[in-house]
Amino acid sequence: MDRSLRARLEARFAGRLTGPVRQRHDETEIRIRPADVIEVLRTLHDDPELEFVVLADLCGVDTGTHMQVVYHLWSAKTPDWLRIVADGMPREDPRCPSLTGLWPGAEWMERETYDMFGIIFEGNRDLRRIYMPPDYTSFPLRKDFYLADDAARSPGGGVRHMEQTQAPAQATPRVVRRTVKA
Amino acid sequence: MTTVNRAWGHLSLRGKVIIPLLFLVLIVGPIVTILFANVVGPWLADLLGANPQIVRFVVAIGGVLLFSIPAAFIIIYMELKVIAFMNLRIGPDRVGPKGAFHSLVAGLKVLTKEDFTPTGADHIVFTWAPVLVFLTAVMTFLVIPFGPGLVGQDLNIGLLYLFAVGGMSVVGLLLAGWASFNKYSLLGGLRAAAQVVSYEIPLTLSVVGLILLAGTLSLNRIAEAQAGWFTDWYVFRQPLGALIFFIAATAEANRTPFDMAEADSEIVAGFATEYSGMRFGFLFFAEYVNVFIISALLVTLFFGAWNAPVDINSILALVGLSPIAVTLDPASLGVGPLFLMLVVPVVLTVIFAVPFYLARSTRPAWQALVLGFLLFILVAVGLLFLLAYIGWPWMAGLVWFMGKSFLFVYVFVWMRGTFPRVRIDQLMGFAWKWLLPAALLNLFVTAAAIIIVKS
Amino acid sequence: MSFIPGIGLVRGMSLTLRRFFQPKATIRWPEEKADVAPKFRGRLQLLYDEYGTLKCETCFQCAQACPIECIDMGGIDTKGRFHVHWGPPETYGERREESALRRSGRPVADPMYEHYESVDLVALDGILEAHDFDPKDMLAILEETQAAYGYLPVAALKHISRITGAWYATIYGTATYYRHLRLEPPAADTAAPAGEAQRGIEAGYRSALDAALGHVSGCPS
Amino acid sequence: MTASGTPHQHPSLDDPRIMLDDQIGQFEAVPPYPPRTEREAEFYSLRDGEMFVNMGPQHPSTHGVLRVVLKLNGEQVVDLDPVLGYLHRGVEKLCENSDYHHIISQIDPLEYVSSLFMEWAPVMAFEKLLDVEVPRRAEYIRVLTGELLRVSSHVLYQGWMALDLGGLAPILYSFIERDEIVEMLAAVTGQRMLFNYFRIGGVNGDLNHEFMSRLGDWMSRAAKQHEANIGLLNENEIFVRRMRDIGRLDGATALRMGTSGPNLRASGVPFDVRRAHPYSVYPELEFDIPTRGGNGGGDSLDRYLLRLDEVSQSIRIIDQCLHNMPDGPIMARLPRLLRPRPGRAWAAVEAPRGLFGTYVISDGTDQPFRMKIHDPSFVNLQLVGLLMKNNLLADTMAVMASLDPVMGGIDK
């Protein structure tokens, strides 16, 4: 646990934290609103006192009531992993700003999160399904997605389709492909 | 008609086979025989008697076709086994002793597989491209001298013919790549075209120096010019030319490290991607026949062709003996050796069997006899071979030629087992930036040397 | 890469030529068999003893431990009363459904156990909380449950299993191992839920045995 | 997924949006539905002289079932679009429905070349959740087996690299080498490939005599063998020319691309989780973090050579482990049934391909509420789009193989 990191984070992001800075083992956790993601992570990356240059992970979480996007960062300035939880996205239409401007490598991780949770990362240029087939309609890691055996014996008549249609609003406009003659 | 039909229906399967055969034998056979004996035969005999060249040509083509298949089989087996050994594997070992019949069985497998034509492919071109590839490969055999007098056609422009026909194979590859309606095939075909066309130039130029030295384009004459000690081989007079020829010929035959056309880790199998069955077999065969041809060419042009590296007669003369000369003419031996052939095997078998019988007391007599017979065959074949080697110059030439050729085949296989593949732009750059200037340099130096020596 | 061009190629070729003559690494299966490590665990099998009967004691440990649920087991307990089973939920519908529905935040009735009487679980929740939901204190939990209800209702066992996370089979095993724990109400011979026939036969045997030995029936020491 | 939320309809082939006449040859590569994003629309529109080539999913050198749609101009790669998911098994969902103990074997086959590391990260995360102290001997055994597997993985990489460039021999030598290590690990873990060896709070079995004798045998010639392996390829002119200056990646870009592991270190950034965020007993061990690439960034050859450097460091670590191996228990005392307190934990290890992390959320039951697996190959594979552009078709192999992706991990 790095107490000084906690102090630095609290000083830097006083208004943006939605909860206390939590520390356990070698992890420090802050919670922010999804709207602040870009600003907070840019500060974390650029600030010479913080310098979190390595994006270790980006993942989505479905808590059952709302969606989260969780980032794990590493910096040489602290012995802790930093966890940033962008909390409180509605399950019906979860939206979060994309991190691809800061870490272009976040693109595929965001695609994966979109594929699995339906979280739309605004600004990601290539937000399409990455694992599941393109005509797939549901988001497998959501909590209301049952596995085959669960679905087969749910109480409501015994049969439930695994694929539930989630319909987040339009991510990017539809483009018709054309052959460009140069 | 119905009667015939009904009768046919009553026949058993065996009858259905035998009766048409009988019909053929009894009716068609005599007619053909009479026709042949009275009309075609004399005409043919006159024709052939007047033109022995045609006989020679037909026999040569038959011999070449018959030779190319086992040669390819042997090279395929060699490649499997040698690369396996270099990879610390055993390789094929199930069919035949040490897997020797593996390539034969693989050939059978290729024959029985479905011959598949992909949708969208150009059927005619797709079918005939492998034939073209195979044919060009086999046709080059015609001018290669396997031994003194053992040459299909001793063309006076043999080398030119060889390059011309060899260059034609790229048309087949290109057609195969184009007709397959597959992008990998297309890329492979185009790569093959670019590569073969580029390497044709240094390949040809590297031999020009040799032609200046030999003063002929006939492969037979070039071979004869290298008689004597191994220092007379052209590789010692044209080392740069030999090196360029070696590299360019490797590229010409699409062998590793220049196997761009069928780079399996890049373009799956290149022009052969869509081929299956015997059409694939043709492409496959052609590749290995090509390997033999470039080895044979290397030997013919630079490594003394059929000549032994050591001139035994000169050594004997030095020691003070006269050259060994055995004339083998089986017809002049008379009836005596026939009796000998009846008696000698039996006696020798028994004599050879005695030590086996005595060595282990538990061994039954028939086993000892079998062993003795095998030993006798070994000895007899060895003696006959030695006799033939001494007596027939073409036999000695063939032995040396094949030995040296397969040594180079081994080298090509060895290279395949060792090297990674070069990239296409490096390949082309190497041809145009290095090999071509070097070949020109070789040519100029040779020409200058000839002028200086002569003047 | 050396300064002399081609020397690397020559070295590579010399290396492969050396390998050409080295002993080969191939194992010619099936003529030769590779050695298997003594600890190798590659295959599941049921063992038989010398009389040809299964050695399996139906302890369920293998089925519990199998992460991909390729082992399933089922049967009636020795007294013929309760179905005890483990395995894929397609077969039995025991646990997986709960887990999924628990996640979706909905309570669920278990159709397998619907015919068992339902009990008021408030007391049981208190007991579990007192033991900190710890499955290690299972015996104490069961004892207190029995004290509260007079016996161990199946619904209570299921609840314990769900809350503590202990396998139902384990709890059931504990409950049937200790003789002072009982799964039926003390005077509930008529309310036996299953295995009526076996129970009747068994009761006959037991009364005969008791009569022979002079014991008082239904009082485990 | 159509953007409007209606279920997707497969359009018929004569839909003018989908098939234009001159695209009939590209039919197999172009997806039969309207593009979903700007990027896809841009990629699947052709200029004159360009064509699509569908590399994979059954291509000889895509390391599994990766499919890459290449946009070629002649032999030159103009652009490319990797298509994943052919090996997707939903491991995260399976883990969320498995016991904590079961998870170890569920995610074992993720990255089948170095599966001990796939066990290591989640086990560490669970230990954090449960506040378990792992015995020192267990930690040493973990490091020992892990580094052995790292050697085997890198050695195999060497062979693959050569195979993708057309060399036939090295892959066999690599497999012979790997087989020794795998047999060694089989002696201690009981399996050759999917070891299922690490346990929460320790390891499954102690080191035994067979393992130690095999290891001693191997260690006595490991360094020499490694020297020979180095000489096998990186003096070969063809190999070096194929790899040099291909796919150059500088350190800053690599960090921005989220790259980790040897690919990052080959670009000159000394980020290694074993040193950057030490775990297990790595602080007690002496080893270097080799870097390559310098200021210009690292090319494919640097990435290849860096792995060879790492092998010698791993051999150093194994040597120290053998000398410092303490006595004691190999498992912490833990109940059979694990119910961690509600909480979150993140643990990362340095796998042979980079940072392998696990994020676990516990809700107090015997199954994790959410388990995220961060696989290094997945992030590293993104680099192909960056590195392959404007290279030749043949260089795609040199680049892709040098990044060392394993599709099992990428597709999860």
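By letter and in written order, the chains are A, B, C and D; residue numbering begins at 1 in each of them.
To be clear about the criterion, a contact is a pair of C-beta atoms (placed from the backbone, for glycine too) under 8 Å apart; a residue touches a chain by one contact, two chains touch by 3 or more.
All of these numbers come straight from a predicted model, not from anything done at the bench.
Put simply, the chain nearest the middle, going by average C-alpha positions, is D. For the interfaces B-C and C-D, the C-beta contact count is higher for C-D.
When every chain is reduced to the mean of its CA atoms, the largest separation from chain A belongs to B.
Inter-chain centre distance (chain A to chain B, centres taken as mean C-alpha positions): 66 Å.
Centres computed as Cα averages put chain C at a distance of 36 Å from chain D. Within chain C, the positions touching two or more other chains are listed as 9, 12, 15-16, 19, 25, 96, 99-100, 103. In chain D, the residues that touch at least two other chains are 97, 169, 173, 176, 233, 236, 238.
Multi-chain contact residues of chain B (touching two or more other chains) are listed as 86-89, 417-419.
Of all residues in chain C, only 1-2, 5-9, 11-12, 15-16, 19, 25, 37-42, 65, 67-68, 96, 99-100, 102-103, 133, 135-136, 164-167 touch chain D in the complex they form. Interface residues of chain D, counted against chain C in their complex, comprise 97-99, 101-106, 169, 173, 176, 179, 183, 186-191, 205, 208, 210, 228, 231-238, 240, 335, 337, 339, 365-367, 369. Taken together, the chain B residues at the contact with chain C in this complex read 82, 85-90, 93, 414-415, 417-419. By the touch criterion stated above, chain D contacts chain A in their complex at residues 1, 3-8, 10, 17-18, 20, 22-23, 30-31, 33-41, 44-49, 84-85, 88, 90, 92-93, 96-97, 128, 255-260, 271, 276-277, 343-346, 348, 355, 357, 359, 361, 370, 372, 374, 378-379, 381-382, 411-412. Residues 25, 51, 53, 59-61, 75, 162-169, 172-173, 176, 233, 236, 238-239, 241-242, 392-397 of chain D are the ones that touch chain B when the two sit in their complex.
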